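The structures considered in this document are given below.
In the two complexes below, subunit A is the common chain; its partner is subunit B in one and subunit C in the other.
Coming up: the complex of A and B.
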């Protein structure tokens, strides 16, 4: 991939006809990759201590037995966190003693010396309820829920069902717009799901007969109900996929339930099962990070580096066993929980992204300690990044930014269209490829075995990409290409920023978000130009800096517009995707052009600012970066103000 | 390129000198190793450990991770709560059509419900037409009829429109539950147990439970687990790079060396815990028994770090050490459910200021466990041949 690899490869020295040369080059490459992969396997298998395995198995067994035995009761995190002052003959006493969250104490034990009461809720003999202390209101609120649960429990034991459950509900979801229907979205799952949900998913007949009369599920047997729902999801797959005809088609839940069993359309079950795919990845990247880092300790990787294998081959060989292992685990999980090819195809890019991020982390980390935190960061960020959007699988097509959504859909027996599939997995493949490229760029002696600060290594890694592009195409092509490649990371970073700022009060969050979003984009457009200047790859003249900036801005603009187009094609029923083109609906061609190309002008201008700064050294770059960010943020504000 | 490379190596050399293997504490030229100089040496080791964390900015990353986890779980909870508790979304109003032969009870309950406005239709067909066309803003149709048993059968038709529908389902559930409650009370004569009356709602933060039972325990336990992970890496790295060998020329026993690591990493946890508690307090979350909580964190941190050091000295390489350590921690958290209170529950009770006798007893138990683990570790190290590492 990089030039040194070609130099080192022995196949270059002989000069047979071109095609044969390419084929033999490929074959040699494959052999070397295979051999390194085999070494990696035998080395790992060889060093694993038998005692360690036994110990791990023993610990897992103990935890498993204990975990299963207490699974019904849960962790008991909320046990007795509130105190209720209530006498034993009070009808509400049983509520408190049956609920886990409350600890009842007799009224005589309640003592309020100096305003510090030792109970949160107090029920007096004359039927009054008082709240006390800092958490009184919250405790009172929880107590209301507890009364509700208590009542439900009593009703479940009643003989006269018609009297105990006087209200029956059926729900059907009806598409009102003309857009195509995401079917099966209406199956209520989760804790209170009852056995009826299997009919619910299955009955997609237009027109309904809600007055069916079978008994209601009391919600008491939630666990079995869930299992039923999963099992039926698994085996009643084909009939569901009949597309709805026309508008007014209905997805309904026919069996009447009591109101308490109503659940919003939320794919709880499938979500939990989909999470299973992510769990092994978090463990595998620990081992993978270790093996990459191991090469860098005591110059152990030197031996492979001087071998005929090029650095991409070494990395491929070292990665392959882990990727194949994860793929195998994925297949096993998919078989176990009833996922199909779609689940596997969606899990593999996630695995690849985990490995790629860990690879870069292990190339940059300076010690095991640092590596641990890098891998934990990767685990946390990637897990949340894949998991959180999947929660909204049935709510909005934007959920498809995570391939986990495809798995959730698959587990609910919905199949994704090819456009949705590409939209979902494409960025992960692209992101993983970029990470591997960056890491391979520094998979060489001067970076692997030295203790450079991380920023210097990042600059090195980017510079090696600039070199590759410059040698293949032209020096000016590198800012163009690198800006484009940054797009998936820009989107991911902006999404994370939005999610993190969610908890901050809006008055602070909005301006911060404006600046942050602009800063992320400006950073992506200028950091590679800075790297090139820092390693003297570009001429520091005004003209060159301006040209680099123009290319960088144009590349970013193109990639951004391309992503919007992909969104529009891949997710036609997504209104937000259309909103990106919103003002372009104007019929005036001039206005259309102006609105379409305004971002281009913006990106080019700010990129030129950044690039001019970069050509003048580190401090000038910092100043230019701030200016570019501010210009960008102001532009964004202006656009928002115009549209609003 | 070459100029840059030179600069780079120069940089590297400089930093390497700064934080390379640091022979601790010159012995002041005196030959006898007085207790003062041993303490000095120990302190130097502690500082060396902390310095390496600081120079790599590991600790910053650790704190960033914790902030991220805390912020993200809060984000999730706030998001899910507002999804399931439409009342928390202000000024949100939806209109539903009510039709059928028995609408009175439903109508009354729906108009009680915050954010709902009910419109009665005499003819169900009109209601469905309005729903289909989206005119007069009807977003749901409730068709309520009595069946032969005298039950109220409500046929609801909802739009398949994502988030809005989710909110609507929750609102309708509350409405229908209110109707159900009234009907049950009316059925009193046919029931063995009369449903207890539910007192009127009050304004209460829906996040209190989450804050005390999830967030606070999370923020207090994470530093301890991170400390354990740091000590595993620190010991393994010294073993693999061979710097542990170098440390043995110091006027310290091997136990002292591990002790120093132990002290440095254990101390990190309560310091972070103080910061988190202060941050929570600044955000208006009142934390009770903070002294008890700090003791708890320190004890757990000592326990975890001792386990981590033991694992790192026992396991042959980092992969296996980290695997053993993380599995041990997860297993410990699972096995802890056998205790009368889960450690997280203990934290919650202290923080919310409702500790019981069991809570205090468990605190004493954790302190004991921490001390015991330390003693066992020290005995184990004394028995260990340093050459075997």
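Coming up: the complex of A and C.
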């Protein structure tokens, strides 16, 4: 029987078992999603003519060939641009011949024709160096650099390290801890402050010289101090320690080098390769945003809405080809650059976040012009959010806020622990889910074809969720649920704030972080209550406003407990991390209970303040929001001061 | 049992009520008109029936199903006023996609699509829809509404902006569909179209139904039948001056009155004056005249089931 006739007739004499019915419903839903996905694919393919396909293929081929050529050999633009007059038995001859920039000629070949010399640099037999011609000065500078490189290379090739490097420098990178801020003492539970010093020892591997106090190492054991570069030991038995992020890459480096060549432990090569995963996402969201916008412009999507396919099925069907396409590209890139399953598993939530943000942006944009602004914003924000933290893969746990860090780790042959993986990808999955949920809420005739201002559309989108929850549960359940759903964004926003303020001096970063973290949370708790009042979904009485506030605060508190996942990676050890997420959990029962449950009181009180303001209109809401934020910030400050 | 049953349907946007308590029912095989000026609430009513817009209150049941139910959507064909197509697709691929979406088996769909396109006399079936005429696009849109062989069709301005030939074609096709047993809810600004094909209708104004029933019934309720009495002498003095309109032309005096009593009075006066009655005719108001009368200020009829 076709599903065309499956539902005919208003009644059925025999009801199928609930499980069978659910399975049938699911199968029907999957079929419709598949149909729309297939159509989306063929429709999109239909917009590209053969000439465009050939042009794109040609461009890709040329870019590939040129790219590989450049990667392999460089462009060669500076090959032999300078001429050096030097005899073959001169020690400098090797410098000139090994550098691609220089073409050595014998002194006998140097021709000084009345000032018009055919060499830029001339090295005489008595050791004098002359420059000639208009390029002479530049050639001389380049030749000095070539000499330095030549000497570096010779020292690096030296078998006797002590002979090559009479002085070795040991570099220890240490995390700043909560204890540094308080009074330089250890934290009450003794975790964070001691961790660094312990780490130094903990980082030792057999054969290593762990004496980081010396600063000078004779190098007798053949291992340089650079192996101590990351002060972490990865001891997961101590929950508050900075994790073992990127430990492997630096400690595995055993090649000696000169002090001048020491560089911060940024995994440059892996980072560049990891960035390749992000590049196609930025292009795909352009096409994806356009196809969503196409449905809205000129009401093209109205006929899909009146079909048996539901809004979530339509959205899933339209999204699936782009997600699968990105997944396929991810697999190809991973195979090409030597990434494994960890890279692919980390790239997928990034792709999903790109698509989800684009979807909700395309649902709110009123024109293709606005859509362009939306997609560019998404590109910049998400690329920054994923890429910048990954730079610090080998340095700090903040890096794990980006799944790209997992890719960088994978490319450095480091495996992420399950906690690290969940911490890194969880907010992306949850954030994407909420974005899709919000967008689907306004994927209906009344909203998707209207030309309201974007804030009004956001309010409508939230209101549609309130309506859904109210119809299925109760109106009071909506602030509870919506506050919970806001958590991924709160988490991501606070992580981003931590990342941005990480490098700012603490005297500035801490107060900003206290207020910012509070504002983010208060906004998340109150904006949906305001939306409900703005669209007359709630009674404006004091009692109802207070009840809504209580439910919002309680929901937020409950979901916030999930953010204790930060403990998995030791983020509270960082000062700004503690300012955003609160201090690390104490082993003292009373302190533990206080830290665990005091936020319930805080969230309920401030949410009630916000709700009361929202019930009295926009201006009152703004005032209430500021008050709630200040109360929240003072609470954060107080708790941190007390605990620390 | 009516195939479409609308009860106290209401749609509010904030303080504004787009539709205020519409109630009507449609029998199987009827062509049912929904007319009214711009902003009267016609399209909102049709979209609530189609399940596109959620009513603030009231119900619209189609073939026993609530709007939004999948079973209802399978039995409904909707042609919106503006039905932009996916212009990168051909007519065949476009219709095949929707047939697929409605779960029509491919062999059935293929046959149905070809037959419908034949009936609509649609050429260029494999040409991209972006490259065909407006009339052809509208025909494809109608074919799409039929692709799932629905019991109920909602046509919102099906001939809007089309040339007279195509318009006439579509009206005839609509009538054929009705003859085949399809129930059609028909909305148009052109009241001549509504008058020519609708069995019953409702007239809406400012969100309310202000008239309902067959055209004859609406005429009886809202229109005024005029009697034109041609005579060789002026008899207007026999009547209240407001009750008679007198037109003099080529020696004939035409008395336009609104009741048979007035006709009798005119006859007596003409006889008394030594004149002669040469003709008596009745004229019924067009739907347009009734519509204009209602739209320009008659009081709204209280909606009754």
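In this section, the second predicted complex is superposed on the first by the 356 of 644 C-alpha atoms of A that agree within 3 Å, B and C clash if a C-alpha of one lies under 4 Å from a C-alpha of the other, contacts with A are read in each partner's own complex, and residues count from 1 in each chain.
The working rule: contacts are C-beta pairs under 8 Å (C-beta built on N, C-alpha and C of every residue); 3 or more make two chains touch, one makes a residue touch a chain.
Everything numeric here is computed off the predicted structure, so don't read it as measured data.
When the two complexes are overlaid on their common chain A, residue A:446 makes contact with subunit B and with subunit C alike. Residue contacts after overlaying the shared chain place A:154 against subunit B, while subunit C stays out of touching range. In the superposed model, more residues of subunit A are touched by B than by the other of subunit B and subunit C. When the shared chain is aligned, subunit B comes close enough to touch A:82, but subunit C does not.
Of the two partner chains, neither subunit B nor subunit C is touched by A:126. Contact with both subunit B and subunit C is seen for A:298 once the two complexes are overlaid on the shared chain. Common to the subunit B and subunit C interfaces on subunit A are residues 47, 298, 446, 536. Listed in rising order, the residues of subunit A touching subunit C in the complex are 2-4, 6-11, 31-32, 35-36, 39, 42-43, 46-47, 298-300, 302-309, 444-446, 536. On the subunit B side of its complex with subunit A, the touching residues are 1, 3-5, 8-9, 11-12, 15-16, 52-53, 56, 58, 61-62, 64-65, 68-69, 71-72, 74-76, 78-80, 83-84, 131-132, 134, 143, 145, 147, 149-163, 165-167, 169-170, 172-173, 176-177, 179-181, 183-184, 186-187, 190-193, 195-196, 198-199, 201-206, 208-209, 212-214, 217, 229-230, 232-234, 236-237, 240-242, 286, 315-320, 322-324, 326-328, 330-331, 334-335, 337-338, 341-342, 344-345, 348-349, 352-354, 356. Against subunit B, in their complex, subunit A makes its touches with residues 44, 47-49, 52, 55-56, 59-60, 62-63, 66-67, 70, 73, 75-83, 91-92, 95, 101, 103, 120, 129, 131, 133-135, 137-138, 140-142, 144, 147-148, 150-151, 154-155, 157-160, 162-177, 181-182, 185-186, 208, 210-211, 213, 248, 251, 256, 258-260, 262-266, 283, 286-287, 290-291, 293-294, 297-298, 366-374, 376-377, 380-381, 384, 388, 391-392, 394-396, 446, 450-453, 456, 499-500, 502-503, 534-536. For subunit C in complex with subunit A, the touching residues are 14, 47, 50-54, 63-65, 70-71, 73-76, 78, 80, 82-86, 88-89, 93, 97-98, 100-105, 108, 128, 144, 148.
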